[in-house]
Amino acid sequence: MFVLVNLKAYPCDPVEVATAAADVSDDSGVRVAVAPQAAQISAVAETGVETWAQHVSAVEHGSHTGSTLAEAAADAGAVGTLLNHSENRLKLADIDGALDAADRADLETIVCANNPAQIGAAAALDPDGVAVEPPELIGTGTPVSKADPDIVTGAVDAAARVNGDVDVLCGAGISTGEDLVSASDLGASGVLLASGVAKADDPRAALEDLVEPLL
Amino acid sequence: MFVLVNLKAYPCDPVEVATAAADVSDDSGVRVAVAPQAAQISAVAETGVETWAQHVSAVEHGSHTGSTLAEAAADAGAVGTLLNHSENRLKLADIDGALDAADRADLETIVCANNPAQIGAAAALDPDGVAVEPPELIGTGTPVSKADPDIVTGAVDAAARVNGDVDVLCGAGISTGEDLVSASDLGASGVLLASGVAKADDPRAALEDLVEPLL
Amino acid sequence: MFVLVNLKAYPCDPVEVATAAADVSDDSGVRVAVAPQAAQISAVAETGVETWAQHVSAVEHGSHTGSTLAEAAADAGAVGTLLNHSENRLKLADIDGALDAADRADLETIVCANNPAQIGAAAALDPDGVAVEPPELIGTGTPVSKADPDIVTGAVDAAARVNGDVDVLCGAGISTGEDLVSASDLGASGVLLASGVAKADDPRAALEDLVEPLL
Amino acid sequence: MFVLVNLKAYPCDPVEVATAAADVSDDSGVRVAVAPQAAQISAVAETGVETWAQHVSAVEHGSHTGSTLAEAAADAGAVGTLLNHSENRLKLADIDGALDAADRADLETIVCANNPAQIGAAAALDPDGVAVEPPELIGTGTPVSKADPDIVTGAVDAAARVNGDVDVLCGAGISTGEDLVSASDLGASGVLLASGVAKADDPRAALEDLVEPLL
């Protein structure tokens, strides 16, 4: 299982969460990555944790102000990027363009989507992975795997029908090891989570709890 | 073959083009539809031509100012809608939402896209049809079927792999009967065109020329 | 006082509201206009009511799909347009461009904004009017003139400082004649309202109640 | 005069340009700042140069993925931010929101705009400065101060009418010391430039040439 922690624009200390994530990953052998804002990528990457961007722009080098160039994210230390998170929905053409950009910069890619139909569409664009996150469950603490397991299995099926090579992660409301196990049982190969770790009083303990069933 | 004429925001008389399209369709038996701006849908529909919207919003009835509600387009006389035209690119989630909206209002749907990968993504959302239009050929008079036939066959293949029920149209640079035939030969079941008819000195003659090889 | 009724995408019958508005305006001598969706402009204008667009695009005639060209709105019967409603926020450059477009098509213009600072900015672009609508009060039934009178006087002052020629309307939560009077007392020369009329059981009675204090 | 170098998404080495800018600023006493992409802010700030963001988002701490939080830009070392660059046009409400965000994080602000009317609108929102950049001159090497001096004086006048406290910079096509002097003569208190330095074979020499007339 792949655990990807999205730090969003939370008032957490990104380096503290990243250090905890690096340690928990080393100790447990579970793959854990952290996705900070662009301005924090280099500081997070310096901790040694696997670092992801939250977004890269569908642009190449050139006259683009205020963009996040895939190459700049990679130079700062990112090895992957989320795209089309429900808090940053992209045009279909820009998901395609950002996947090309990520490819150029050797970034692994996960495209988020709301439901199985959109997961199928995302999978058709050939990212490395897709993540299904029903917007109504984000930040609730109610895991999608419990509240709406059919969305997860529907996403796994939709992706498989379109593109057998794409991994399916599951997001929204994930916070415990039990959530991780049920996501895995439903066919997901990873989880995308945020507040459950980034807003936890003790991010390290939250991560340890999360990966515990995988040990 | 289905011929869909997009009037864009051209300074043509939409009723004149619509009347010509209705007549040519009646005389030839070829399905010809016209897509005017929202404010012109009712005037165009009154000519009796098959009328399409250029876009509908991913919203339901409610507090939305400046949107194009699918139900309002249908009430005005539209029976179908384009979505995600390269001049009006939509977020993936909004293409999905607009397809739901069109469905509610019984509008037929064609989702446009730039290339085979995006055509596959669009097809995964289950519209009635998709239209491949390489942006660099739009308005050139150089038909995609001649300039880049692989894009058309690639689109037909990409759609078929993802969703066998979806029709594939081809757009960009189509203006003659010959273009129509070569689109058909490449597997397209229709064409999307604009300036070739809407900016023609004699739209009726342009349409007659277009459908001639089908008679 | 100018009363502008925004029909949004409400499930009301636009022609019924428009007919009532035309009658109430004729009977009372109060200026009342109705702003339907683009697809309904021609049907609303046929009732004889003063008809406004909810939005026009910052484009000229040309290759624009899914836009609302100012000229098309005017041809369908609109004599004015809202811009930058809080449900359809525009880029600063596009407000400027849409004002040019409206000018070309002889449409009167009202630019909406959230607060006095943005009202000043809108006034600097030289529309005919501006409308202050705190988003948190829209659709509440609590009139801005009662909940936050300082926003209205602040808007009147901000507009006057920047551009003495611009009218100030006040929106959000307006539904009764009393609200109209207090808006006027605060310096507004009109009101922008929506649900109070468009979602009323009896739109005609709602409008009669609204203009009653002005008789 | 304030010289602000926008590195856009150019394939230059941001640290090399920043080091040169820091040195030239120290040697000449002219204020020179550099605006890299968000992912490069910390590396650029470490050179000691005055560092600006190219953009910050109109958000506070919270659930925002892929945003550029003003606080994160400041933590990484930025002391100011551009907003509404013509390559990143913002909604009016978001310029206002981003100014609030910058204020919270103690970032100095410059709002870009196309023409005097939009400069007046930007000035009404009370940033520290505004920058007029006719889009058609960006990247041309033809300075706005020569090609269209009336736009610069018009911008200075428009800003002064609305808000006497706001500085006016001038951008687009600036590359030489002569351009800087003529911008100053037209009333600008700074220049915004990009390719003239960032794409120069020798950025240090380009900056030295630029500030030479001020020594």
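Going in written order, the chains are labelled A, B, C and D, and every chain counts its residues from 1.
Just so we're on the same page, contacts are C-beta pairs under 8 Å (C-beta built on N, C-alpha and C of every residue); 3 or more make two chains touch, one makes a residue touch a chain.
Composition by chain, UniProt nomenclature: A, B, C, D = Triosephosphate isomerase.
These figures come from a predicted structure and were not determined experimentally.
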- Message: Among all chains, whose Cα centre is located farthest from the one for chain A (Triosephosphate isomerase)?
- Response: C
- Message: Contact counts by the stated rule: is the higher one at C-D or A-D?
- Response: A-D
- Message: Can you compute the centre-to-centre distance for chain C (Triosephosphate isomerase) and chain D (Triosephosphate isomerase), using the mean CA position of each chain? Integer Å is fine.
- Response: 36
- Message: Counting only Cα atoms for the centres, state how far chain A (Triosephosphate isomerase) is from chain D (Triosephosphate isomerase) in Å.
- Response: 33
- Please set out, as single numbers or ranges, the residues of chain C (Triosephosphate isomerase) touching at least two other chains. 86
- Message: Can you give me every chain pair that touches, using the contact definition above?
- Response: A-B, A-D, B-C, C-D
- Task: In the complex, go through chain A (Triosephosphate isomerase) and note every residue touching chain D (Triosephosphate isomerase).
- Result: 6, 8-11, 37-43, 53-55, 57, 59-69, 71-73, 75-76, 78, 82, 85-88, 138-139, 194-195
- Item | Interface residues, chain C (Triosephosphate isomerase) side, partner chain D (Triosephosphate isomerase) - complex | 84, 86, 89-96, 113-115, 117-118, 120-126, 158, 161-162
